[in-house]
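Note that the chains take the letters A, B, C and D in the order they are written out, and that residue 1 is the start of every chain.
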Amino acid sequence: MSNVLEVRNLTVEFKKNKKPFYAVNDVSFDVKEGEILGLAGESGCGKSTLSRAILGIQKKGVTGEIRHYYKRPQMVFQDPAGSLNPAKTIGFILEEPIRVRGHFSKEERERRVKDMLKKVDLPEEFLTRYPNELSGGQRQRVCIAASLMQEPRFLIADEPVSALDVTVQKQILDLLKKLHKELNLSILFISHDLRVIFDLCDRVMVMKSGKIVEMGDREEVYFHHKDPYTAQLMEAARTKYQ
Amino acid sequence: MRYALRKIATMFITLFFVSVIVFFSFSLIPGSPAMNKLGTEATPESIKALEHEMGLDRPVAERYGKWLLGVVRGDFGKSYSYNQPVTKLIADKLGATLLLSVMAIAITILVSIPLGIFMARKSDTKLDIFLSGFNQLIMAVPSFFSGILITLIFGVVLRVFVPGGYISYKTSLIRCIGYLVFPAFAIALPKISMVSKLLKDTVMAESGKDYVRTAYSRGNRTKSVFYKHVLFNALIPVITFLGMAFADIIAGSIIVEQVFSVPGMGRILLSSISGRDYPVIEAIILLLAFFVVLSNLIVDLLYHKFDPRINV
Amino acid sequence: MDKSKKSKFITGLVITGIIVLLTLWGMIKTPYDPYAMDSGAKFAKVSFSHFFGCDQFGRDVFSRVLIGIRETMFIAASVVFIGVFFGTILGMITGYFGGWLDEILMRFNDAMLAFPSILLALVIIGIFGPGKYQLIAALGIAFIPSFARVVRGEVLKIRNLDYVLSVKLYGASDLRILVVHILPNLKTVLLSTVIIGFNNAVLAEAGMSYLGIGVQPPEPSLGRMLSEAQAYIYTSPMSAIFPGLVIVLMILGFSLLGDTVGKKH
Amino acid sequence: MLKVEDLNIKINDRRGNTIPVKDVDFEMDRGDILGIVGESGSGKSMSALAIAGLLSRHDMEKSGHIIFEGVSLLNCPRKVLRKIQGYEISMIFQEPLTSLNPIRRVGWQVEESLRIHTTMDKAERRERALKALADVELDDPEAVYNSFPHELSGGMRQRAMIAAAMISEPRLLIADEPTTALDVTIQAQIVELLKKINRERGTAILFISHDLSLVNTLCERVIVMKDGLVVESGICEEVFNNPKEEYTKGLIAAIPKNPFSERK
């Protein structure tokens, strides 16, 4: 299997009160074609910085090698309220990716937007609605749809279901699974919820204080881990979820 | 302590920038001050001679250096139109302006904070609605107009003071203060409205916060929730605003001095602007900037004391 | 919008509406020639022929006030335009790109903001000399920093929002992001700053003209009328009070609107 | 000890009438741990706030009964309520950072209940506060006592909140989503701490959460709420393993599969 992303010795350094602080510290991993790679970790461990560095949004203090095998990887964010422009209609938001890139006719763009809307199970009336008229789950569907408009092969999903109620959470996860299969997407799935990651991912990485402390197949990381922090995390989850 | 030192350092850097900007912008103005001074009788030779005498034929940077060295020692150069040292010219004017500003600041604080607390405690009553409306109106009255109204009411109708009858603080400090109370109030009035309104608004905003709910959950009386929890949090933004208000008061005193014929720096600044007497303008601007920055510094330090979240 | 806010908004709207009507009236025709002196009408009392009475030269105060409002509104609009135009550009560029340019401009901005705008305007007038257009330039420049700061703060907030990051990932250009995705979201902030800007501009213009370094005689201006009438306050207080009240009304209208418009909760 | 009968809360505001809590009934005995579960907008938090006497908006209409140790708390004068708040009933909240006063030292806030309800002097209060901080397993009570909220981590803040709530040894502790804002490892510790408090001191706990599995770990009994109504209630394990109502079934089915329950 070939890779869609290779990361080698990635380090992101911030200056905090003049002392260097490594949000991401010497991280190396690959994302393979068609897989969902889980990234688990608690708040402040550097998972978000890592994803930003991979996508080139974070540039300052980044060293190491990031190699994408496909153009324009996309991202789905945690907060569905902040990831949609409040001043634009859903139709505009969905069309924007193929308006700025690609040379489709107006009709072709509209057709593609409608198709995508169908893919994420939203009705066509939504085209003229504004984000604040939608529920959290619907907004997250729009975000996913928008991120797929340019037909990317690789997607980063940063805590895409953390802000949602359980029932909605399940719907969105099911949608992601479906799209992953249909479109042969590779996904880097970031979450603090170990159950969600287990449910969705093939391979899992555990991150702590900027470092990847454990990486491997799902079963291996969850039940045959070597790292003490992973053990602690799993134990906490075990007591919590019983 | 380190915070204070850093703030003081920033203050001097700001002042340095102000001095550079002020000095160089006045040097860039086309037309030579020597020409202005000589007027119509100017001949190229006499201008040259006078420029040489005034030191204007030296490079700008050199003149700035010389001027700055003088400023540090308290020498602002020589006035073009009065033919005497600027320092001597503005020394006693400075006192009047400063006294007026300090009085206005004191009145603002002493009236607005209790008023704001009162309004917040009485929020949503008829009295509060009336006071808020009144505040809104007062805020819209510029200090020079309220000055005229005060003159009209207290000077002309009630005859509590003699308009234009300023007494120097050198003659009698008490009587000077007695006169300056009126202009000080004219300056303070809109600020009082703004500060008390802001305080009331921040109290209302703070009252909705989670920690207030916590305070109630512990069995606090409404009154202690207000005085022990809400008030000090609400004062933090008020302090920031006061910093800006002080700066405005210092600048605003220039205008109100005109209304009440107080011989402060305002009058001499205006006459220097129309007479293009640059050394005087530069000196006054720099001095006012100094007091503005100084008041900001004091507010900053106070703010630091109030809000533990600002560390470093 | 709750009830008290609504009534504030409506009051502000009505007052501003009246001011705008008076401005239009002043643009078309005034009841009397505002420059015509009538020695017989010196200090004429308030009457139906002279709504606001006459001044020391027998000029109709109401006509002069109409012109004064027109002038003040013209100056305020020009000042706000200069401030908003340059302030928005500056704020958007520094807020969006950040870096050393932002660092330098904002240091400079802070130094200027620490400085009350009246003082700043005085410096600029000191350089340009007194006069109407000099005043517009002086106040306009003096207003840029505060507008730039507001816009910059808002852009700073928006630029890190996820939707801007998404658009970046689509490969949109910075210009497109700024104009299409950020600018429309500045609307509410800009609207309230523009209104507050008008409020401040009217206040500053009146103050400067009162000091005699704004609009020059014989052109009437509200501030100048105040300072001229002050000399005759014993004999004819009304010629000071009317222009003053008009200034108060203008500021009141704008401040009521500024308080209620744009800040949604 | 606590009896809630026909609790109804109506809000009449600009948007019209809403009834976030409808006919809620339940009872708690001393030492009970009761969980209330529901999604956002189910009325669970509002019920909890009503019991703690923290709902006093003008546009709100409350009816029914809340009886705590024989004292009726709903719509009673604040004077009566105040004697119980922070002394007999304490509460902790979801966001420990915003729930603490940002400009007061933690120690001052921890001993606040004692200052209000007892005549203890300063030294005594301080001693009790340090003990309370030690009881919630904070490593350096002295340092925490002297710090400001923003200087502590999320977990430490919530521990300090618990210390402040427990310092007066209340009979009932109401915990409104106390772990939601925290990391998993910290969540587990806080849950353990609450269990210990209940075990050792017999404090009854009313635990509000959106997280069914968390409630299952901690509580004996559970109430499931939806749109202001109690949908189902009973012993935790029964509700969990054998839900009767469609809504509860859906809720349980939506929980991501627990990887740890499949093994061992």
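Here is the rule we go by: a residue touches a chain if its C-beta (ideal position, glycine included) is under 8 Å from a C-beta of that chain, and two chains touch if they have at least 3 such contacts.
Because the structure is a prediction, the values reported are computed rather than measured.
Asker: Spell out the chains that contact chain A while also contacting chain B.
Answerer: Expected: C, D.
Asker: In terms of CA centroid distance, which chain is the most far removed from chain A?
Answerer: Relative to chain A, the chain whose C-alpha centre sits farthest away is B.
Asker: State the pair of chains with the top count of C-beta pairs in contact.
Answerer: Answer by contact count: the chains B-C.
Asker: Approximately how many whole Å separate the CA-defined centres of chain A and chain D?
Answerer: Roughly 34 Å separates the two chain centres.
Asker: Quick one: chain C and chain D, Cα centre-to-centre, how many Å?
Answerer: Taking the mean C-alpha position of each chain, the two centres sit 53 Å apart.
Asker: With chain centres defined as C-alpha means, what is the inter-centre distance between chain B and chain C in Å?
Answerer: A distance of 21 Å separates the two centres.
Asker: By the touch rule stated above, which residues of chain A touch at least two different other chains?
Answerer: none
Asker: Of all the residues in chain D, which ones touch at least 2 other chains?
Answerer: Correct list: empty.
Asker: Give the pairs of chains that touch; include all such pairs.
Answerer: Every touching chain pair, ordered by label, is A-C, A-D, B-C, B-D.
Asker: Enumerate the contact residues on chain C facing chain A in the complex.
Answerer: 161-163, 165-173, 176, 181, 184-185, 187
Asker: Across the complex, what residues on chain D touch chain B?
Answerer: 52-54, 78, 82-87, 90-91, 93, 95, 98-104, 112-113, 116-117, 148, 150, 161, 164
Asker: Using the touch definition from the top, list the residues of chain C that touch chain B in their complex.
Answerer: 4, 8, 108, 110-111, 114-116, 118-119, 122-123, 125-127, 129-130, 203, 206-207, 210-213, 223, 226-227, 230, 233-234, 237, 240-241, 244, 247-249, 251-252, 255-256, 259
Asker: Show me the residue ranges of chain B that touch chain D in the complex, using the header's touch definition.
Answerer: Residues in contact with chain D: 209-211, 213-222, 224, 229, 232-233, 236, 306-309.
Asker: How about chain A: which of its residues touch chain D in the complex?
Answerer: Residues 42-43, 165-167, 169-170, 173, 192-196, 198-199, 222-223, 232-242 of chain A touch chain D in their complex.
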